[in-house]
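Two complexes come next, and they have one chain in common, chain A, joined by chain B in the first and chain C in the second.
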Partner chain A sequence: MAAILNIFKNFPRYLWSGWGAIASIFLFIALWELGYQAYGELVLPAPKDTFLRLVNMLLHEGIWKEMQITIQRALWGFVISVTIGSSLGLLAGLFVTTSMMSRPLVTIFMGMPPIAWIVLAMIWFGMGDTAVIFTVVVASFPIVFIGALQGTRTLENNLKEMAESFHAPLLMKIKDIYFPHIFSYIFPSWIAALGMSWKIVVMAELLSSYDGIGAELAVTRSQLDTEGALALVLMLVISLLFIEYFLMEPIKREVEQWRD
Partner chain B sequence: MTTSNSALLNKIKPFLTNSFRLIFLLLPIYIILSITLWGLVWSGYLPLFIQNQLVWHIYEMMFGVASAGIIGFIFTFVSEAYNDIVIISKKQIFYIVMLWLIGRIAFWMIDTLGVYVVALTNLPLLIWIVFLIAKPLIVDPLRNHISLGLILISIVIIQGWFFASLAGWVATDAMSILKVALGSFMVLELLALRRIATGTINEWLDSNNVDDTFVARPPRYNIAILCIILFTLFEFLFPYNPILGWLGFAVCAAILNTLNDFFIDEKIIIFKPYVLPIFLVLLSMAIGYGLMGFDYLYDGFNGINHFRHFLTTGVFGLSFFTVMVIISTIHTGRKLRTNKWINLAILLIVIATLLRSLMPFFPLSFMAENASFIYLSSSVIWATAFIIYLMIFSSVLSEN
Partner chain C sequence: MERLKPIIGSCLAKPPLTKSHLQVTALNHSFGPTNILKDIDFCLEQGKVVAIVGPSGCGKTTLLHLCAKLLAVNDGIVDNTFNSFAIAFQEPRLLPWQTALDNIAFGLKAKGINKKQRYQQAVSISKVFGLTPHDLDKYPKDLSGGMRQRVAFARAMVTKPELLFLDEPFSALDIGLKQELQQILVQHVTKKNTTILFITHDLMEAVRLSDEILLLANSPGSIVHRLTLDTPIINRDDQFVYHETAKLLAQPKVIQTFELSMNLNTAVEHEIS
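Moving on to the complex of A and B:
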């Protein structure tokens, strides 16, 4: 409870610290504007027009429904990969044998291109939700698995021994020794998996779905609507930034305070 | 030296004890006179004998006023930064201030004296200042303050470029050069403010037994400086290009990022004496660039020149006033504290800035009837802050 209160208390200050990042983003948009002026709107539409198109899409073009479908798929895929990846990774990390056995499998999963998974998913599940969510899971799962595995494998024996010599209760050991250490490995992997989910979901939708932002992107591609395509990409990026920086990062900061 | 010169030197001897005393006595007087006159001219109450009035106003408000501020600040700062070394003699202080004064008179008479004479009286001042501070900045093995010297050199070059334009040597429009100059002055403001803020706020923390340190983090200021340089370059090379909109927003965000330094643990220090005006300088700069960015993107607003006053009326006004007060207090052996008059003066500068800069947001019908009054009142309110400075500090500056 205290941690949650702390997150809220530090939130305004955390929010203000984002101005540096916002400055970089505006510099990037200025570069985008330069690209537009150099190559014309078919290649790169003006940022201002793209933002206005985005607003128009949100207000008038009923894009919310597609957005909702995409976010739902991405989140489902993310939650499943986090649940399975974290549990299996933690378990595998507990035993040297399992961690040795799982490594080559994870390498195979990591090495397999998501586009290949999409093709397989389309054959196995057909067009729709399941194919998209499956692709998101198989693409994100290895990232979380490795994070969890590393977290458990690198637990410091000295600390464990110290806790045992002081006869620290199990709950205290979990809360003060195991959890902070494992979390510092597993949480960044969750954030990476979230980013991966957001990217994969659009690609999967583009190829294997009739709805969602990815499918809308396919429409804009067929109509050579670069402005619409960029507006959709912006929408996804903004939603990802929102989830990562407004939700995940404050939690990470609070939980990783022990590092300071 | 003639006898009359020696007599004058003896009379103003107390003012030459430090490099800032004489100039900080003359600067507010000059600000009061020139801005009130400009208010009367721009609002149509008074004609002015100068042909290109707008160029005169901008040049004098920047080079005229800022070079005096530079005299007051730079010698004090460089001397203090390098173990109180003496970098300027009393005679040099006197001559440098006289040169500044001659430069001002000359620019007022530009139509009579001609560009070359005015250039000859104006250009040597900053060159001399750079020459005087160059040695300590260069011999410092860490080159901690070399950026101050470099930006001053760029300002000297821009000033030369401006006169070359007036003389017809270069085809560049004088007004565009003045915009480049404003960008350079903003960089100088940031470089100076970072140093002033660190010294002043830590002094306040120490004297109030607060066990914390204020650090104005250079990377944050460097990002802001980079953004200002890009904005200034693009404004010169591609005037009215929408790219300036995004760059304006980038500058705004980068300057707001520097305000992160003002979070010291869990304490809110921005309302503390002398912290607030420094905070307001940065805020004014951020708002100014942000609104200019907005204007460059939003067609048909035409408020850029009004919004630019956040940088001049706001940033210049607040920073000059604050620096004058801080230096006049600390370097005359006094403890840094504020009073209701100083707070009132800061409030007046803020009001004048808002009045002058936010004019595009006032209703058209209101502006049609009251524009002249707002121009004038903004100038008078701004000048009043410096009258208050004179009331409080003229006796302090003349003390032995």
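Moving on to the complex of A and C:
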């Protein structure tokens, strides 16, 4: 509870520290404008037009509904990979054999390009929700798995010994020693998995679904609607920045303040 | 013949029932094939202080961990009749994700003492250990080495154990703090009848604070010299400490164990030439 309160208390200071980030974003927009003036609007529409188009999309073109579908899929994929990845990773980390055996499997999962998974998913599940969510899970689950695995593998005997010398009960050992240690490995992997889910979901939708932001993107491509495509990309980037800096980063700061 | 050899370090033939003791008999320990400790015998009675000294790597920490049952005793007997004990480890072993205050209160929490009371006790002992309220809010990463050591020391002391194991508790402290904490320790022993087994590299510290000094020699670690000091700890002045330390340093066993003076002289000569 205190932690949550702290997150809100420190939020204004955190925002203030964001001026540098805002400056670099404006610089980026300026370069974009330059690109527009050099190449014309078929290649690179003006930032202003794109923003206006985005606003229009949000207000009149019913993009909210597509957005909602995409968010739902991404979240489902994220939740599933966090659940499976964390629990399997913890279990595998408990034993030397399982952690050794799982390593090459994880390498295969990580090394396989998501686009290959999409093709397989389309063959297995056809177009739609399942294929998209499957691809998201397959891409983000190994990240969480590795985080959980490393968390359990690196548990320190020293601290355990210390706790035992004070006759700490099991529940206290779990709460004060095992959990914080493992969490410090798992939590960053959750953040990485969330970012991954968000990116993969759009890609998977583009190829294997008729709705969602990804599918909309496919439509703009077929109509050569550069402005529309850019507006959608803009929306994705803004939402990613929002998740990253307004949701994850403050939480991360609070839970990891004991770190160097 | 071997069997008839008297056990030197034993307590009184039959320890009085009222007093607790830590009795170590014929203790050996190996890590894999290497023999680390050999034939360790000693006895620590309630209200007494025993210091273990010896060169680095001779097995002092191992002996302490065996006494505290952190390592399994495979060969020999460790008989501990104290009701409670606490350890201050050589490395502080603080929880990096908890503040100094929570770290100090760890042992109290393990005992099931409620939050308010354990914070009260932790805060009051932290004053004795020269930690400011500001320090108490810090995470271990933001504490100095000596502060971390004091937090670990306080964590052990605050549980008011009958027996304290201290592994080089003063090694990272300045002279002033060292003296202060030594004084606190002396008070605990004399007023509260606390029993202490501690490791130190400082012979003078051992002479000042202990009733018996055990000198451990290298490979395999065995007790090569014992010194019993009869003067009550509270009555020892600097004069006494200097005198006894000098006497101890003149012992052939001590010279041999620490490879003192002889080597030192040759080293110095080597340096000069």
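A few comments on the model shown:
Quick note on the criterion: the second predicted complex is superposed on the first by the 259 of 260 C-alpha atoms of A that agree within 3 Å, B and C clash if a C-alpha of one lies under 4 Å from a C-alpha of the other, contacts with A are read in each partner's own complex, and residues count from 1 in each chain.
The criterion applied here is as follows: a contact is a pair of C-beta atoms (placed from the backbone, for glycine too) under 8 Å apart; a residue touches a chain by one contact, two chains touch by 3 or more.
Since this is a predicted model, take the numbers as computed values, not measurements.
Once chain A is used to superpose the two complexes, chain B occupies space next to chain C without a clash.
Of the two partner chains, chain B is the only one that A:22 touches; chain C does not reach it.
In the superposition on chain A, contact of A:177 is made with chain C only, not with chain B.
With both structures placed on the common chain, the touch criterion links A:34 to chain B but leaves chain C unconnected.
Applying the stated contact rule after C-alpha superposition, one finds that A:166 touches chain C and leaves chain B untouched.
In the superposition on chain A, contact of A:158 is made with chain C only, not with chain B.
By the touch criterion defined above, A:223 reaches neither chain B nor chain C.
For the pair chain B and chain C, the model built by superposing on chain A gives 11 Å as the shortest CA-CA distance. Touching chain A in their complex are the following residues of chain B: 220, 223-224, 227, 230, 241-243, 245-247, 249-251, 253-254, 256-257, 259-260, 263, 297.
The touching residues of chain C, when paired with chain A in their complex, are 68, 70, 86-87, 89, 91, 93, 95-98, 106-107, 109-111, 139-141, 159. The residues of chain A lying in touch with chain C in their complex are 158-159, 161-169, 172, 176-177, 180-181, 184, 257-260. Partner chain B is touched in their complex by these residues of chain A: 13, 16-17, 19-20, 22-24, 26-27, 29-30, 32-34, 37, 46-48.
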